[in-house]
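Quick notes on the structure that follows.
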Amino acid sequence: MTPLLELRSVSRHFGGVAALSNVSFSLPRGAVIGLIGPNGSGKTTLMNVISGVDAPTDGAILLDGAPVQGLPANLLARRGIARTFQHIRLIPDLTALQNVTLALRTPSAGALDILLRLPRLGRIERDRRACGLKLLDQVGAGQHADTLAGGLSYGDRRRIEIARALASEPRLLLLDEPAAGMTHSERTSLRDLIAGLPERGLTVLLVEHDMDLVMGVCDEIHVLNQGNSIASGKPEAVRSDPKVIEAYLGAEDA
Amino acid sequence: MTDLFYAYHNVIDLCLLNSMLAFGCFILLGVNLFSLATGGLMAIGAYLSIWLTMQQGWSFAPALTAALVAASLAAFGLGSLVLRLRGDYFTMATLAFTEVVRIIALNWDSVTGGALGVFGIPQLTETWQLAGLLALVIYLIWAVRHSAVGERMRAIAADELAVSTAGHDVARFKLALFTASGAIAGLGGGLAAHLNMFIAPGDFGFLRSVDTVIAPVLGGVWNLAGPVIGASVLVVLPEALRFSAQMREILIGVTMLAVVLFLPAGLVGLPKLSRRRAAS
Amino acid sequence: MLVQQLVNGVSLGAIYAVFAIGFTLVFGVMNVLNLSQGAVFMWGAYVGLEVVRTLALPLPLAILAAATAAGLLGVLSEVLVFRPLQRRGAHRWMGMVGGLALARILIGLAQEIFGTQVVRYPDNALAGAALELLGARLQLLQIVAIGAALLMVIALAALLRYTNVGRAIRTVAFSENVARLVGVPVDRIRLMTFFVSGALAGGAGVLWSLLFQSVSPFMGDGILLKGLTVLILGGLGNIVGALVGGVLLGLVEVASVVVVGSGYRDAVGFGIVLLILLTRPTGLFATRETTRA
Amino acid sequence: MASVTLSRRAVLTIGGAVALSGSAVFAQTTRVAKIGLVQSTTGGSAALYGIQQKQAIELAFAEINAANTLKDIKLEAIHADDGADRGQTVNIFQRLIRQDKVVAILGPTLSNSAFAADPIAQQAGIPVIASSNTAPNLTKMGDFIFRTSIPEDQVFPTVLRYAVQKRGIKKVALIYGLDDALTRGAHDVQKKAVTELGLEQVGIESYQRGDVDFSAQLTKIREQKPDAVILGTLAEEAAAILRQARQLGFDDKITFIGCNANISAKLFDLAGPAADGIIVGASWFEGYDSPRSKAFVAAYQKRYGSSPDIYAAQGYDAAYLLAEAIRRADDVTNSRLTRDKLASISDFEGVLGRFGWSADRDATVQPKVLIGDGKSKVFVAAATS
């Protein structure tokens, strides 16, 4: 069976600087894959390249065996790739619910429905609202549905962003440091949430600095350093890999 | 009473017309597009509509429809080319479009009469038509804003990237809005042409575009009353300040500057501001 | 004829360049599009005129006085409009409308004080002098204009490259936050940048009215559009680009008169802007600096 | 904001007080003829002509009122500035007619504004006299529309014929303002006259309002070696063209032929000696040798400290023509009667000379061919024999 996503020698250069060079790995279906590395190692660049926010300078990205590198973000989202951001990108002047329904794939109202305010419009919007509420409940933010996103706590916004990513019914979910800024108990429920995603048919690529979380939920871990893939494998193996330890220690030195 | 109405008939007409045109810019400002294409798009609507009513014997309604369609198509074409430009580059490209259209109009004697303009245009635009069409435009924008599409608009204004990673084609959405704003400009152009019996290419240049986009900024970019208030103020202010012929320009400038500096939400924010002052 | 037209184009373009460099400097450093720049240019021309006519001082002093006065107007626009808007975090179109409003006030004041009539600088030794070169007549004034333009650009380049102030300006251009962190007095540097920008506009105003013998309250409107065109040709915030773009626009305008016909002179300029934007979305001379835009 | 309202109120109060005291003085015996005076005093180059006309008309009204020419009728000018913006001109016409109930309107400054606003006066039956609109077909808008500004086509053919006879001109180049109705209208007339006289047209160049650099166009024209360059330009643009032509080394033998709008002291102020020898045609010039004209120039200079231009002279005559019509009508509100009396004037002796109306209510005045004298900075009448 082809992997859900496969990276083949993906590189991304900014001017003369290589943010990613020849990164290759694949994401098997239904797995939770961790992506770690020191700051500036290229994790977010890789997320951007996969989600279409950025395009690779070189290399191929295959989704279900079909090349998708360089496609715009909205098309990749339609093809099943959703993501969250390291710096939360919720729309502050929309409510939590509106932020989630923004990404729903259930049909939205047509031009005529909207302009003539046909009765169908109310029904459609009610359905979308119900879908959005369900997703908010799943991430544990249902009570904030009608609060403006800008006024919510960091942890709540993180969870709502995950709900928005789930709203587009993705097959691949890219989470960029979802635990950052969360309290301990929030992290625990986040861990449960992520662990439950494969059962719903999702594959997850997780970038995270919280090693307990990474080691706890990931089936496999890839390590980046200065744009190069330096190690990959089971969590236990990676944890004891001297190259990985050196990369982290070296980074702390600098 | 009727005399009073007729004494300010044209002032009322211009308030209504300019308010409508301002909505064309309003919907674009809503997604962070500062467009100066209004003049050029209006010119297309204006010249097409008078050619149809004066040369081809069309009646007013179909001529206006044709003006609307033609300007929408022009906006669609222009938008597909220039919407990918960022910020000020987009603004400059739309300004270049307006100026190029104006200069073509200046040189295209057989249709536009050059600088001498076209006169004797039948006066077909009525106040009630302007009021009705303005109401229609306001209703349509209201309906869109109070739907999922309106939420998407607000989201694009705040964070385009978030919207596109949520699966929406932001470029296509903006193109649709730009086309809609072209429709408003084309309709406004046709109405303007049949309002004062005369048009010349100078009516549709840089200044027209600037005035149209300033109206919602002054009135308020987030409130549906904004464009109406902004455009009306810009029409009424020169009339109200006529008592001071010499200081008029300066006073208009000072008023504009005061709004920009002290009313972040535009003139619609004025009552709220004064209430707050009164309360504290 | 060709040589003559080249002379015509370069001397026109040199003034466009001086104006546009001031314009682009403010953009490059502070990401502000100051639409009152045309009115500042006009005021520079009037101040220079008054110095020559009323005070009967020599021309170089007039240019200096005009540049200083225009520089102060630039400072005024920062203090009155752009700084409060930036503090408030206002949207950039507020700054554009604020600039237009300020321009309206400045033009109205000029009308009040100087009247609406077109006036000109008194004749001096420079006005009539010309020399023949390869069959073209090169006026002394044109040489002065081109020379002064080059001088201003070199002075600015030296200022930016070799002085502490220049380094500070470049740091602010890179990032205001970084500048604050390394102890650059950002507010003062912004004021200085606005001063330099206004001074360049004022200097351009005097050169312009010397060369074309025409001063009026409305003279800034046309040059504002030209300045915007040059800004795009050269890339927003790119100083070398503004120099090259200015001269290029001068040449393009002259060439369009020769080749296409004078009725389409401005359309050719704007048409080229459109074409350039469609092929190179950040201008002809896009550089690192311009990616901010 | 508060101070603005306050000052406005103050202005209104003072205005009201003046009006009150005025009516008290003239109580019962005085009738006031309210006349709309629509001239641009702001709004770019239009303001140049607008201010001149406004001043000349106000001068005329003051003279007429002081001399009690109309016995118990006093003329009151209600001036409104349209900022050279057509929408505002329409606003003003509607207000003057419906609210201020004027008996006649003098203006507007620009032909473009006239095409939009005059039909309103025509519809309401209010006579309008223009003194700076020169666009063709203007008075065809209706029988209430008059003008004292001589359209170019009444003047230019005479001028061109004179130039051809005296200077042996065969090849001409034309330059004109593309985006200004006045200059564009002048150009059309000039082009037609050139064709009718069978002259060879070697080139046509144009520019846009606000342009001050004409060197590219002039360099091109120089290559075409014309005998004459015909200017469809405003005075300040003509001055720049003359000056830059000299700087580019134009042959002294090349004749410059101007249009109506060039008749201005401004031309000499700006062009200096370069204006020497320019040929223009006009209904009037400052040095026109008639008692009436000399008195006008003196009075204007005394009151305003500057010289009147041709638009001032045309405005001044318009004011006197309207006063004469009101005198004949002996009525301050009946605008139709005023219009009929105005149309009946046929032998008016004005600043422009002996005056009458054509069938289309255009002024008919003997055109005068003038030559610029750059040294004494005046136009002198050409010997047309």
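When the chains are written out, they are named A, B, C and D in that same order, and each has its own residue count from 1.
Here is the rule we use: a contact is a pair of C-beta atoms (placed from the backbone, for glycine too) under 8 Å apart; a residue touches a chain by one contact, two chains touch by 3 or more.
On a predicted model such as this, the values are computed, not experimentally measured, just so you know.
With contact taken as defined at the outset, chain B and chain D are each touched by C. The greatest centre-to-centre distance from chain A, using averaged C-alpha positions, is reached by D. A comparison of the C-D and B-C interfaces places the larger number of contacting C-beta pairs at B-C.
One simple way to say how far apart two chains are is to compare their mean CA positions; for chain C and chain D this gives 36 Å.
Chain centres here are Cα means. That of chain B falls 30 Å from that of chain C.
Chain A and chain D have CA centres that are 73 Å apart.
Between the Cα centres of chain A and chain C there is a gap of 48 Å. Across the assembly, chain C contributes 108, 111, 263, 266 as residues in contact with two or more other chains. Contacts with at least two other chains are made by residues 42, 178, 208 of chain D.
In chain B, the residues touching two or more other chains are 106-107, 246, 248-249. Taken together, the touching pairs give a contact graph of some other shape, not a line, ring, star or complete one.
Remark: the chains found to touch one another pair up as A-B, B-C, B-D, C-D.
Contact residues on chain D toward chain C in their complex (touch as defined above): 42, 44-45, 47-48, 51, 178, 205-208, 210-213, 215-217, 219-220, 222-223, 236, 239-240, 243-244, 247-249, 266, 269-270, 272.
Residues of chain B touching chain A in their complex: 140, 143-144, 147-149, 151-152, 154-155, 158-159, 161-170. Residue ranges of chain B in contact with chain D, taken from their complex: 3-4, 6-11, 14, 106-107, 114-117, 119-120, 123, 196-198, 200-203, 235, 238-239, 242-246, 248-249, 251, 258. Residue ranges on chain A touching chain B, taken from their complex, read 51-53, 72-75, 77-78, 82-83, 85, 89-94, 98-99, 101-103, 105, 108-109, 114-115, 117, 121, 125, 128, 164, 167-168.
Against chain B, in their complex, chain C makes its touches with residues 33, 80-81, 84-85, 88, 90-94, 96-98, 100-105, 107-109, 111-112, 225, 228-229, 231-232, 236, 263-264, 266-267, 270-271, 273-274, 277-278, 281-283, 293.
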